[in-house]
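Have a look at this one before I ask anything.
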């Protein structure tokens, strides 16, 4: 596998170079009471025009994995990031703070979960969009205003010039999230990270925004990382999906591979927990027993072992790594996806 | 300011540049200005109303502006002031004053018989001023000629001349400065100083170039108001004041005196005080009617220790009612040491027995000592010492500290067992304190009594007050002897007069009384 | 028979500064039978929480009646109302906010029993251990504080506390929306067992439609203070009558990407209008893909047939005919 | 918004009425015979007859509510009576003594504001820097040091030891420095802490993460987002301490021999000059209420939610 990947890299034309390339990413979080290994040895690529969904329960590390390398963790949280995160071939780990500001403004756009708290409540929408246009793109006030109107139109906000004068609380949740998306795409980024973009919204609004995100991604030819816990959302708009559990990617592959032929018992359990549209009314819900491990004291062996229906004694000894389950579909499970005899998976 | 071009701006900037140093050099209104002729002396309170016929103004400031007919000289000698000479008839009822010729008020109005009588009319014989014997006994006054006036009394008032040396309401305002109805408008006198302004900040005075006598050595006198003792000491040490002190200007506590003494360039000067701190007994209280109790209290006091500890040595221990600086102060009595044993014996003999708090017929020897810091500064510390010294002999003394207003309610109404009093001092003594604190028939309404005995003491007092000069010393001595023999009061100490000055003051001369500001004889370096 | 009958309930909020009126419940009627789980769905701001809160007495009703267990609550004086609502319990969306942070689970549960009037500590302990078993909580949890619990445990503690009052009806306002999907199942299954084992009736207020569908026998769909459609949940989901219900059910995402990407979805345009200035006529008309002139002029009446009801002008013409999807 | 403003104004008015009743009753409830004090001011000799005469003259024996109405009525027309001690009209004295107090309160307030906000801003710009440590130390010292001690220390250092600044007196700008610092340093240090915490809290909010994701610098976010948003909390805290500066002025004015309203009050307390006491207390209460009112109005203006609501 190593050899084939190396070949692939050299064979890749610059145009096909992944927008985001993450290798061996680890994130340590320092909270007041403990040090938490929030992400362990994660790796994935996202190409131009591709949407990668990252699913998992809360606390699985899916948000931290995406935001920590960009320095976008919520205030007060200190993090140490290991491994490499390359954006269009540029290693973020060695970028200066000044360069990071440019990268954040121009190359990456981020949409956060709760649009109300993600916008400054005491400033009008206009300045909040325009400041990035002026400071990062160097537009003059007239141009930035025109561009802001254009952006609001792009995200489907009617009467954009009037809306620019509103405060966040004067808009609905859906409108606010559209504003947030407008801000995220303002710098014409190559990568859009959407962190649970529809979770805080009503179902009818969720549907609108998923359509919007999918359309914008196609239109602007962006790479997109979509962090979500809703498998339905994944099924709707993602190309590929990575399933996270306790800070590690336990399964990754195309949406069709992962959702229709899940390898990892955790992926299977997640899918089973979604109520079926044809389930009998009044029938019991399917869920997982137990709870995720405490990442300040990570367990030996497979982190999912205590909750796993397929668990075997060896699962508790050594943590499985991602092994191919056919093509790009990989899973980290000793039982369902044993490492191929060649042992090449260990060579990383 | 419609157009403000660059040239204007530069002009303004230039002006600001020249003005700024001026602003910053006169950082405080009282800071030393370019001339060296300003003497800076603080007072603790503002001068307020300088109306010479009212009592609300600050007398130390009034004393600089207005002159009396006669002045209080050293040892209580009456010396000429606006009156060059005077005669008193043998019956003591007719006073004739020959006014100094050529004296003018600082506004140019002449001081003559008319001006003098105009002033006297404003107070003499009126009820508000009846505490002054010259006013209480006033019958008539007349202009004899342009520079001679006469005052006629109904009855003899031996202290009359001394009273005329005092400040309010005795002193003379320019009739030209009054309004049409003859009411006070602004402070204009014949004194050495002229008021430039006087407000809550303080008073600014300039030399009166029309003054009839020796004019001041310096041309300005600045009297800032600094209420806090700590701040006055700091200002003095910072070189922002030239001198300070006095009972009524800006009192220096013994502790502050020590601080000032230690500061470089500051000299602390002291003089024998003219007043006395007295532990007085309420003679209407049953317990205190027993002379043994009063005697025992006196025996318990360690006056020397009190003067040394409470007053840091700025006091002379005493058993005399008046210090020698007051006329007719009487024979000096030796200050006895403390004798608790004698006190105990005196109490035992009088029937006060028992351990701890003594009792007699089931009545405990418990007394309340009412004090007020406003009336007698340092009362608190002094009262605590008294309390502990008396307790040793079997007294039980409780201290009640009250404010100014309560004291002025309780003391005149005799709501106390013991209290600390302070004699009036020069120029009011000895007649003032003898009358106010001991004469049973006199009510000042504010001061209370140190002791009264209508039957035995009053005749002695009346005799002393009426005595002519030849008999006066003996008559006062009789009063003082009676007080001593009856253990009527416990004088404790005479506080020293304390002033401090910097090296800017080359010569410092104490004023004759504490009611005045040091002025004559002050020479700046 | 009906355990709870809400009839023509009107609840209004007045904005103190503008004086505007928000009619959060506009002549709402609702029935809950004993031992029945009834779903109440709609977007935030549609009045579903207000309805629940008014039933338990957290909001003041302007008019209408709430008949619970045969008693017309709103006709009673204040003190008696509380008494009449004794068998009604409310479960909040955010269990952390509903629990006193410094209080241990044990004392929170104990307190609920003391309020109920149980004086005997031994009896209280026994009752608490029963309830822990019923809510599938470990007994070690009694000494812990809310922050030390997982989200699912917290919500189950809230439910346990509510159950100690031996309610006949639980009103659960978004009980699982703050929980991860794996935990939702635990809590939802608990509700189902409560109904089966204890006969507790439940009003399930939620915006997660798939969960409501599976749990409740009947579903009510609310829009801007009105119940626009109600009916047996299987039928309502399979064949929604109201265009709004149709949009809601259409918003349920399928986990199979092949199905999900190829199905037709009704995506509503725009947002919920301001409840202070609802549209004339049918309040849904501004977002309705089927709206026509009448919708702006008249408020639709309620059409009822065979256990299903709908408020929509699309059914004006079919009137007596069987209610079927008319679009 | 006008509705909110009107409501605030009305409640301030009602408060003022209550405050005036409180001022009046507190002062009249003091022990001691006021009439005797008045009599003493007129003459060294006080007879019971004069005292009774004064009681009638000043209506001191009237029932309290009547006396209040009299007093309040005259106060409304600007007549606050005359000082019992000096005979000066109190209203005139208050106007005369306003400049030092106004200078002290405003100067001290400005110092506190500049010091508090400045330190907090510098601290927030580089968390954990020397400024943060200064804030920490100051807030500890500031909360415990008595005002007179701070003043004494400043007087000794700048007046006595280095003779850079005047130790007393109300004169030119240089004479304002020490008193304003003395009165402002404690609220300033408390404010620095409050503002620092408020800024830290703002900087930990999600919208700051958004701003960082937009590629903005920390300084810009601090200036454009955190500072404006931390303002209401800071202003509230500042206003509280600003209002309490009146209390500090009671100490500071006498120490620096500033003839202000607070010093006037202190002296009036000593002599139970109850006309002055009532008026000063009333002035203080009105100041308190006005400060509160302005904070309320500022908060309304700063909060777009309230502002918009009113406009709608």
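Letters are used for the chains, namely A, B, C and D, taken in the order the chains are written, and counting of residues starts over at 1 for each.
Going forward, a residue touches a chain if its C-beta (ideal position, glycine included) is under 8 Å from a C-beta of that chain, and two chains touch if they have at least 3 such contacts.
These numbers were taken from a predicted model, which means no experiment stands behind them.
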Legend entry - Which of A-D and B-D has more C-beta pairs touching across its chains: B-D
Inset, instruction - Can you figure out the chain closest to the middle, judged by Cα centres? - result: D
Legend entry - Centroid comparison with chain A (C-alpha atoms), farthest chain: B
Inset, instruction - Using mean C-alpha positions as chain centres, tell me how far chain A is from chain D in Å, no decimals. - result: 54
Inset, instruction - Compute the distance, rounded to whole Å, between the mean C-alpha positions of chain B and chain C. - result: 88
Inset, instruction - Find the geometric centre of each of chain B and chain D from their Cα atoms only, then give the gap between the two centres in Å, rounded to an integer. - result: 38
Legend entry - Per-residue multi-chain contacts in chain B, two or more chains: none
Inset, instruction - Could you please specify the touching residues of chain A with respect to chain C in the complex? - result: 57-58, 172-175, 202-208, 211, 229-236, 255-256, 259-260, 269-271, 273-275, 277, 279-288, 291
Inset, instruction - Quick one: which bits of chain D touch chain A in the complex? Just the residue numbers, please. - result: 203-217, 220, 224-225, 228-229, 302-305, 308
Inset, instruction - Show which residues of chain D lie in contact with chain B when the two form their complex. - result: 30-34, 36-37, 39-48, 50-51, 85-88, 93, 96-97, 148, 152, 155-156, 159-160, 163, 165-175, 254-257, 259, 263-264, 266-267, 270-272
Inset, instruction - Can you check the complex and tell me which residues of chain A touch chain D? - result: 67, 70-76, 101-106, 108-110, 112, 114, 117-124, 131-132, 135-136, 167, 169-170, 180, 183-184, 186-187
Inset, instruction - Report the residues of chain C in contact with chain A in the complex, numbered from low to high. - result: 37, 43-44, 150, 152, 180-186, 188-189, 192, 207, 209-211, 213-217, 232-234, 237, 247-248, 250-258, 260-261, 265, 267-269, 271-272
